[in-house]
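Note that chain A is present in both complexes that follow, paired respectively with chain B and with chain C.
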Partner chain A sequence: MIDFVRFVPDSRAYNLGFERFVVFSENPSELPDSVLKGYLIRAENGKELIEKLRRAKRNWMVGVIGDLKVIRSAVMRWRVDLILDFPGREMDYVTVKMAKEKDVAIEISISKFLNSEGLRRLRLVEETIDLIRIVRKFDAPFVLTSGASDFYEMRPKRQIMEFFEILGADVERAERWMERLVRRYTDPNYIMDGLEIEENFKF
Partner chain B sequence: MRPEFVLAHEWIGLEVEVVESPNPCEIGIRGVVVDETMNTLRIKTEKGLKTVAKKGRTFRVKFAGKVLRVKGDLIAFRPEDRIKKGILMLKRAKGVWLW
Partner chain C sequence: MKGLPPALKRKKRYVAFELICEGVVDGGEFLSALWNSMLSLFGEIGSAHCDIRLEMFDGRRGIVRCNREALKKVKVALTLISRVGEIRVIPKILGVSGTIKKCRKKYLEVLRDASASDGI
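The block that comes next holds the complex of A and B.
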C-alpha cells in the first residue's frame, strides 16, 4: 500500500495502513531516503516545464502541476510520470486520451475534497465523476491518493478507496497502476510492462 | 549487452521456455529457437520441433547472462522488423533509460 503526499510523513502516518510513501516536493534532494522521492514541477508555461524537467534526476518520480496548457505539454513529455492533483486543476477529454497514449498517470486525490465545502465541493464531486468516466472510457492510468500536505489531511487507504468507489472509480485498476508506477523506480528487475528479469531462476 | 535489448535482438539461437499460455499443453515447452515468423516461434525441444504462437504467451528466455520473462505480444514482429520496432518500443517505454 502506497500513498502520494506532499510532506514528509512521520511514524503516525504508517499507522494508517501504508507501507510506503511517495513524497512530492519542489526540492526532492532534501527529502530523506526512507521515502520515495517525487519531483513536483510547478510551471507557468511549457518553456519553464522543460527547463525544470532537465533538473530531474533519474530516481525521482516526476509530477506536474499547472494550467491546462502546461498539463497538455506535460503529457507529451517522456520524463513526466504523473499529472498531480490540486484545487482548480483542469483536465479535458483530449488530455486524458493523450495521457493513455503516452502512459502518464492522472492523480485523483481526496485532499481537495477535504479543503472545500458547500457548493464548491459539490462541483468538485461532479467534475471528479466526469473525469473518472473519461478515464474509464480510455482506460487511462490513474492513481487514487490522499495528496495530503499535512498529517491531518491523510486518510486510511480503505477510506480513500471507498470514497472513490462511490464516485465510480475502478479501485483495483487504480491499485495496479500505482503499483506499476512505483515499481518503475523501486524494483531493479522491472524493465517495462511484460519484460522483467527473473533473478532466482536458472536455465 | 543490456537485457532490455532482447526486444530488438535476434531470437534464433536463444534458449526459451513457455511459461504462460492459454493452451496448457504448451506450458513447459523448452528448447532452442530454430526459426521464427511474425506470429510464431519454432522451438527445438527434446521431443522434436514445436511451433508456438507469440501472442498471448509469456516466455522465459536466457539473454545477456540473465533470465528474462517476456510477454510474447512484445516480440510479435517479423524478425527483420524487430530492430526498428523493438528500439522504438523501448524508447517510448517510461522508465527505460537507453542511454
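The block that comes next holds the complex of A and C.
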C-alpha cells in the first residue's frame, strides 16, 4: 500500500500499514532514495508553472498546487501527473473533464479534514462530495491519500478508505489509479495500460 | 429502553483501537473527543442510538462499544480525532468484533504479544 505525503516519514509511519511513500517536496533532490520522489510545484501563474516544469527530472512524479487558472493550465501539460490537494483548492467541472482526457490524477486527501472543524469542515465535505460525483461521472483518475505534512496527520490506509467511502468515493477504483500512477515510475516493464514488456517470454 | 425482547434488542459491535501518541491519554478526555467528533460530523439526530461506551482503556489501547448500525459512523469519527486534550494522536483501529471477549482476545492480547520474528 502506498501513500502520498509532504514530509519524509520515519519508521513509525510504516507501522500504519504502508509499504512505500511518495514524498512531495519543492526540492526532491534532497529527499532520500528510500522514498519515491515527488516534485511539488507551487505556481502563481502559467508562466511560473512552465518554468518550474522544465526543472523536473524524469524519475520525479510531478504534482501541482495553485489557483484554478494554474490547475487548468497544469492539466494540459503532459509532464504533470497529479493535481495535489490543499485547503482552499478550487476544482471545477471542466477541469475534471480535462483531467480525464489528459490523464492527470486528482488527489483527495484526508489531512484537510483533520485540520478543520465546524462550518469549515462542513464546506469541505460539501465540496469533496461534489468533486467525487464529477470524478465518478467522467471516470477521471483520482487518488485517496493522507496528504500529511507531519506524522500526526497520517491515518491507516483502511481508515482513509472508509472515510471517503462515506463521502461516496469508489475506493477500489482509487486504489487502481494509484497503483497505475506509481507503476509508471517504478516498473520499467510498464508502458501503458494493457501494454507491458514480458521479460520471461521465450520464443 | 429496558425489558426489550431479544428480537428488538440492538446488536452491538466492539471496536478495538490503539492511540499512537506520546504520553498517556485520559479515558474521559478520549470519550469526550469521540463524542465531539460524532456530534460535529453527524449531528445530534445522527448520533442518537449509537450507544457509544468506552468498555476498557489503558491509556493507549481500548475497546469502544457501539450499535451495529452505527459502526461506520463510529469508525469515521474515530479516524477524524486528531487531538485528545493537548495530546496529538493517531487513532488506529485494530479490528471489530461482535463480542467483547473475542475482541479483547483477538485484537488486544494477541496483537500485544505479536512480534515480527514469530511471523504474526
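Everything that follows uses one rule, which is that the second predicted complex is superposed on the first by the 203 of 203 C-alpha atoms of A that agree within 3 Å, B and C clash if a C-alpha of one lies under 4 Å from a C-alpha of the other, contacts with A are read in each partner's own complex, and residues count from 1 in each chain.
Going forward, a residue touches a chain if its C-beta (ideal position, glycine included) is under 8 Å from a C-beta of that chain, and two chains touch if they have at least 3 such contacts.
Everything numeric in this text was worked out from a predicted model, so none of it was measured.
In this overlay on chain A, chain B fits alongside chain C without clashing.
Looking at the shared chain after the overlay, A:R155 reaches chain C, while chain B stays out of its contact range. With both structures placed on the common chain, the touch criterion links A:I166 to chain C but leaves chain B unconnected.
In the superposition on chain A, no contact is made by A:L119 with either chain B or chain C. Shared-chain residue A:G194: touches chain B; no touch with chain C.
In the superposed model, A:D81 lies in contact with chain B only, and not with chain C. If you stand at the C-alpha centre of chain A, chain B and chain C are 120 degrees apart, rounded to the nearest 10.
In the superposition on chain A, A:R58 contacts chain B only, with no contact to chain C. Looking at the shared chain after the overlay, A:R184 reaches chain B, while chain C stays out of its contact range. Following the chain A superposition, chain B and chain C show a smallest Cα-Cα distance of 35 angstrom. Taken together, the two complexes place no residue of chain A in contact with both chain B and chain C. Those residues of chain A that touch chain B in the shared complex are 58, 78, 81, 103, 184-185, 191-199, 201-203. Within the complex formed with chain A, the residues of chain B that make contact are 3-4, 6-7, 15, 17, 58, 60, 62, 66-71, 73-74, 90, 92-97. The residues of chain C lying in touch with chain A in their complex are 20, 40, 72, 75-76, 78-80, 82, 88-93.
Within the complex, the chain A residues that touch chain C are 12, 15-16, 110, 113-115, 117-118, 121, 151-156, 158-160, 162-163, 166.
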